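The data blocks that follow each hold one structure.
Across the two complexes that follow, subunit A remains constant while its partner is subunit B and subsequently subunit C.
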Partner chain A sequence: MSDSKKIDVLIIGAGPAGVAAGIGARKEGAERVVVLERDWDLGGILQQCIHPGFGLRTFKEELTGPEYMHRFIQQAYDAGVEFHTNTMVFQIDQDTNSVWTMNKERGIECLNPGAIVLTMGCRERPLGAIHIPGTRPAGIYTAGTARRFVNMEGYMPGKRAVILGSDNIGLIMARRMIWEGAEVEGVYEVRSWPGGLRQNIAQCLDDYGIPFHLKTTVTKIHGKDRLEGVTVAEVDDSMIPIKGTERFVECDTLLLAIGLIPENELSRMAGVEIHKVTGGPVVNDLLQTSNPAIFAAGNVVIVYDIVDNVSDEGLIAGVNAARYAMGKISADIKRIPVIGGENVQLFSPQYVTGETDTTIFMRVTHPIESACRVFAEPGIYSQRLRYARPGEMNEVKIKAEQIKALGELKEIMIDIQPL
Partner chain B sequence: MNYDVIIIGSGIVGASIARELSKYKLRIAVLDKASELPSGASRANSSMIHGGFDDKPGSMKARLCVPGNKKWHKLKDELDVHLDECGSYVCAFNDEEIKHLELLLKQGKANGDPGIEIITGDELRKHEPNVSPEIVAALWSPDAAIINNFEAVNAMIESAKINGAELFLETEAISLLFDDRKNIRGVMTSKGEFKAPVVINAGGVHSGEISSWAGDKSFRIIPTKGEYILLDRSTKGLIHSFLFSCPSKAGKGITVLQTSEGNMMSGPTASEQEDPEDKTTTSEGLAEVIKGARRLVPKFPVNMSITTFAGVRANTDTGDFAISVLRTPRGFVNVAGIKSPGFTSAPAIAEYIVEAMREELSDRIKFEPNDKFIPERRNIPRFLYLSMDERKKLAKENSSYAQIVCRCETVTEGQVVEAIRRGARTITAVKMMTRAGTGRCQGGFCCPRVAEILSRELNIPLDEITRHGGKSKLLVGKTKEFLLEKYAKGAGQNV
Partner chain C sequence: MSERKFICVSCPLGCGLTVTLDDNDNILKVEGNTCPRGESYARSEVKDPRRVFASTVRVRGGKLPVCPIRSKTPAPKGKLFEIARAVAELEIDAPVKIGQVLLHNVCGTDVDIVASRDLAAI
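And then the complex of A and B:
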């Protein structure tokens, strides 16, 4: 790979963001566009997502994860994107942007591309992050690990599961376990609102009669070798378990769906500034990071609800990485900071350049279950909403011409407030 | 099976004795009920190599700690074990605690920990800027160090194996065998009889029970649980060494340290309990750890925690190690009640007890020097710490070193395969030997991959792979099997 012609755009990760970035970079005119994938096949986490519900927005039809990816991968091949699977990037040198890769056939190689796109996705929060007292038996998995066992390997992690957390993967896995003949005792969410999408609660829990307990959590793990059960308890408004509400639940499996964290080990190595709240790189609306030659898109930046958004963002990052590699992005573009208001938990991008129309993706801190308004000040955007929930992202759309018309702009403030 | 010596327990004590004995032409069997090493107190502890100021002069602990410390500084190269020679501080918050530091200073000098000195809080903060501003003084012990305890136990037992000792995992000692009540003949185990004229009790938290089989009830083990919190390695450098609080009756107090791998860690609590196997963490315990950690290092970022765990240490009612060659029954050796500074002392304990055995048990076994003894043992190559040239070379020689299995700790397939070649049979064994699964995702990514490699290399079905032996299977069967069972029972007729 390294001994042939110079790579213009190097993309790390062939999930939905990376594949779309490849398409974007080639379409923009970059000559050699390479996507590296550490797994043996392309598609990232969507390989495991064999349930339907993907691509409704992009393709106007309901596809499974692999089907959705297949369409993009086909487009990428047609566009002349070069893929290398079983290839892991294990280091990026900060000063030179050299990318170190390993592969069983080619060994260890060092690449020096014109621009880099980070599309490594995210990972699941582990049990250790939440301090549940008790033992440490077999049978405790993140929902994604369990999904890999079931969907990729064809093995069952257990016969009777409890699901802690209500992120989308947990909801999907609840249904998946039922489909495979296992029992799901219930889904327990410590917050007073669900982590995942409303439609997933309806389709994955309600349709199968799986009990969903809000403001309830697992307070103890039982079992020496294999999990034998968990204690669950209701929590108060400060998420402290309420004495007297404890209940023992027999189960051999505990699946964790307690959040996703953007995966940025490489970004940190590369010296890219990481946002304290999103956990992903700080980016402008070109999806350029604090290192001008490095772009980032998808769940590595901020965890999205639906894959269509990830593909869109991948495309934008690919296009701009190509433009950067071809010397078309000037070093002194505008950087207008975006500021989140009172009820904004997180958002991306954090800077607007005015070079392009852009969508700012955001989540609220607290749910609003009545009519409300999402807006960007000064007078850039305003949209009425029926509700706003942390489990469902909101968007602010900004046009380049609006930014131009506003002239010198100190900052853009976004928020969602009840009407 | 006939041996010269049987060692019950393969923690750091049993392993060190096995290695020390392998310097003689002896047939040595090491028994451990666990499926992987280390499993008991040697796994879940502070990984501290103590300076030696903590123990009352004249005690066995005081006598063996400093020599043990010195041995580890040499063994780290011989056994290829990670040892961070970082020193330690005991922190004092008030005048009363300064008095305690003075006592420790005196003790340390008496015990032979020569470099120790008391420094001011400001001097401490020059080296460790993130410690509490309220610390007024600290006892600095430059010879203290932090060891990779997973590596150390495996290295020690591997070295013993290289020199002829045999390790039997999942082999639980059930009782002692006697010729008559006066002479040891061997050990009855869950895997049958092991015969030997000498049996060494290195049973850790179970050593009291094993000792009572031999009729020695001169000490009692009080299982004492210690809970810990481990943080993500990105916290590296918050502090650089080992911080003690001033000790209380319950133990050495909550400490904060940087592990040999660069993670921040804090613990242990000290709660006495009946059950030697109860390693459950508790919300009270974890709260105590957090409080203690923040007292020393106010910024200790609990939100970066990647796991919590507990270990049970073998406290004795006498307060000291119980090390002796028993008169009756002949052939029984106690190396019991080894708690802090047990890990530190282990190599010195081994030397001490083997010397005692040579004096008192030469009529039962012959101590003929093993002139083929090889002191060196090399670790499985650790990709993370290799230079780029070394990595390239390794990947060229063996392509499985160019495949990452654990991305948090940069562990390659080559390392996992080598761990299996060296005896790993479970997910936890691979973890102990390679660190796959010890990082921030705690095995979320690598666990299925390690399971696949175990299945492939050992040629056993994936659903037979266990987390840590026994009934700890990862998987319960193939997909569709439950459905087929349900259909067979008629439950699916309405579907």
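And then the complex of A and C:
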């Protein structure tokens, strides 16, 4: 791969963001666009998301994850995107932006593309990230690992499961376990609001009568070789277990659905600035990182609720990476910082250039269960909402002409406030 | 008159729907939806609740031991477990093409079960 023609745009990861980035880069006119994937097949995590609900916005129909990716991969091939599977990127050099790859047939290669797009996605928070006393027997998995076992490898993780955390993956897996004949004793969420979409609580838990316990968590793990059960307890407002509420729950499987973390080992190696709250690269509205030749899109930047947003961002990053590779992005573009107000937990992008219309995606810190307003000051955007919930992202839309009209703008403040 | 409440599952918005019924369970009004899909979901949920079923089937000689499948159209909610059992008995040969019909008219529901990915043979 390295001794042939120069790569204009190199994309790392062939999930929804990477495949869309490939399409975007080719459509913008980049000659050689290469997507690297460590797995033997394309599609990333959507290969295991076999449930419907994908692509409603993009394709106006309800597709499963593999079906959604199938369409994008087809488009990418049609657009002339080049894919290399079974290829692991293990290093990006900070000074030269050289990308080092490993593949069984081609060995180790060093690539020097015109621009790089980071689309490595995210990982699940593991058991080690939360401190649960007790033993460490077999039978404890992150919900995504269990999903891979069931949906791609044909194994059932167990017969009676408890789910800790209420991320979408956990909710989806609750239904999946039921459909495969297992029992799901309940879903336990330490916060007082759900982590996932209300749609998924309805169709994955309520449809099957699976109890959903808010402000309750697992306080102890029992079992020597195999998981035998967990102790659950209610928690107070500071998330401290309340004495006397402990209850033993028999189960052979504990699935963890306690959050996703952008996967940025390579980004760090490349010297890209990582945002301390999102855990992803700091980006501007062109999805350009602190290293002007490196772009990033999708869950590697900020964890999205729906894949349509990931694909949209992939396209944008691909287009701009191609423009950069062709020398079309000036080095002295504007960099207006976006500041999150008191109810904003996280958001992306963090800088606006005014070169393009953009959408800032954000999450609130706490649910606001009444009419509220999402806005960007000074006077850039205002939209009334019926509610705002941390499990459901909100959007602020900004037009390039608005930024141009405002002239010397020091910052843009975004927030959501009750009315 | 009576009221039934649903969370719309047609899209990630998850609107809270309220359906008002007369004494013969005829729908008088649907409230809380923000698009026409919400209204049709509420009507279907009262008269004939349906869900898309998605699972896997065993594959002989494939790059993966299982292949994802789905009901091509939403299937009656009350028949999902029956469909799950019918699907569990299936074993197919690789290669598999996306959209390939694996079960016609599953459990007499008029709904087809189709493969939802391409799966190459080893």
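Following the convention adopted for this analysis, the second predicted complex is superposed on the first by the 419 of 419 C-alpha atoms of A that agree within 3 Å, B and C clash if a C-alpha of one lies under 4 Å from a C-alpha of the other, contacts with A are read in each partner's own complex, and residues count from 1 in each chain.
Convention: contacts are C-beta pairs under 8 Å (C-beta built on N, C-alpha and C of every residue); 3 or more make two chains touch, one makes a residue touch a chain.
Since this is a predicted model, take the numbers as computed values, not measurements.
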{"item": "Partner chain(s) touched by A:Leu127 [first = subunit B, second = subunit C, both, neither]", "value": "first"}
{"item": "Touching partner for A:Thr85 - first (subunit B), second (subunit C), both, neither", "value": "neither"}
{"item": "First (subunit B), second (subunit C), both or neither touched by A:Val150", "value": "both"}
{"item": "Touching partner for A:Lys104 - first (subunit B), second (subunit C), both, neither", "value": "first"}
{"item": "Contacts of A:Glu62 with subunit B and subunit C, given as first, second, both or neither", "value": "second"}
{"item": "Superposition-derived comparison: subunit B or subunit C, residues of subunit A touched", "value": "B"}
{"item": "Partner chain in contact with A:Arg38 - subunit B first, subunit C second, else both or neither", "value": "first"}
{"item": "Touched partner set for A:Glu180, first subunit B, second subunit C, both or neither", "value": "both"}
{"item": "First (subunit B), second (subunit C), both or neither touched by A:Gln47", "value": "second"}
{"item": "Residues of subunit A at both interfaces, subunit B in one complex, subunit C in the other", "value": "150, 152-154, 180-181"}
{"item": "Partner subunit A, residues of subunit B touching it in the complex", "value": "229-230, 234, 277, 279-283, 285-286, 305-309, 388, 391-392, 395-396, 399-400, 402-404, 407-408, 410, 440-445, 447-448, 452, 462-463, 466-483, 485-486"}
{"item": "Touching residues on subunit A, where the partner in the complex is subunit C", "value": "40-41, 47, 50-53, 56, 62, 64, 66-67, 70, 150-154, 179-181, 197-199, 201-203, 206-207, 305-306, 392"}
{"item": "Subunit C residues within the subunit A interface of the complex", "value": "6-14, 51-56, 58, 63-66, 68-70, 77, 80-81, 84, 88, 98, 116-118"}
{"item": "Subunit A to subunit B touching residues, read off their complex", "value": "38, 86, 88, 90, 100, 102-108, 123-124, 126-129, 131, 133-138, 141-142, 144-145, 148-150, 152-159, 180-182, 219-221, 224-226, 252, 265, 268"}
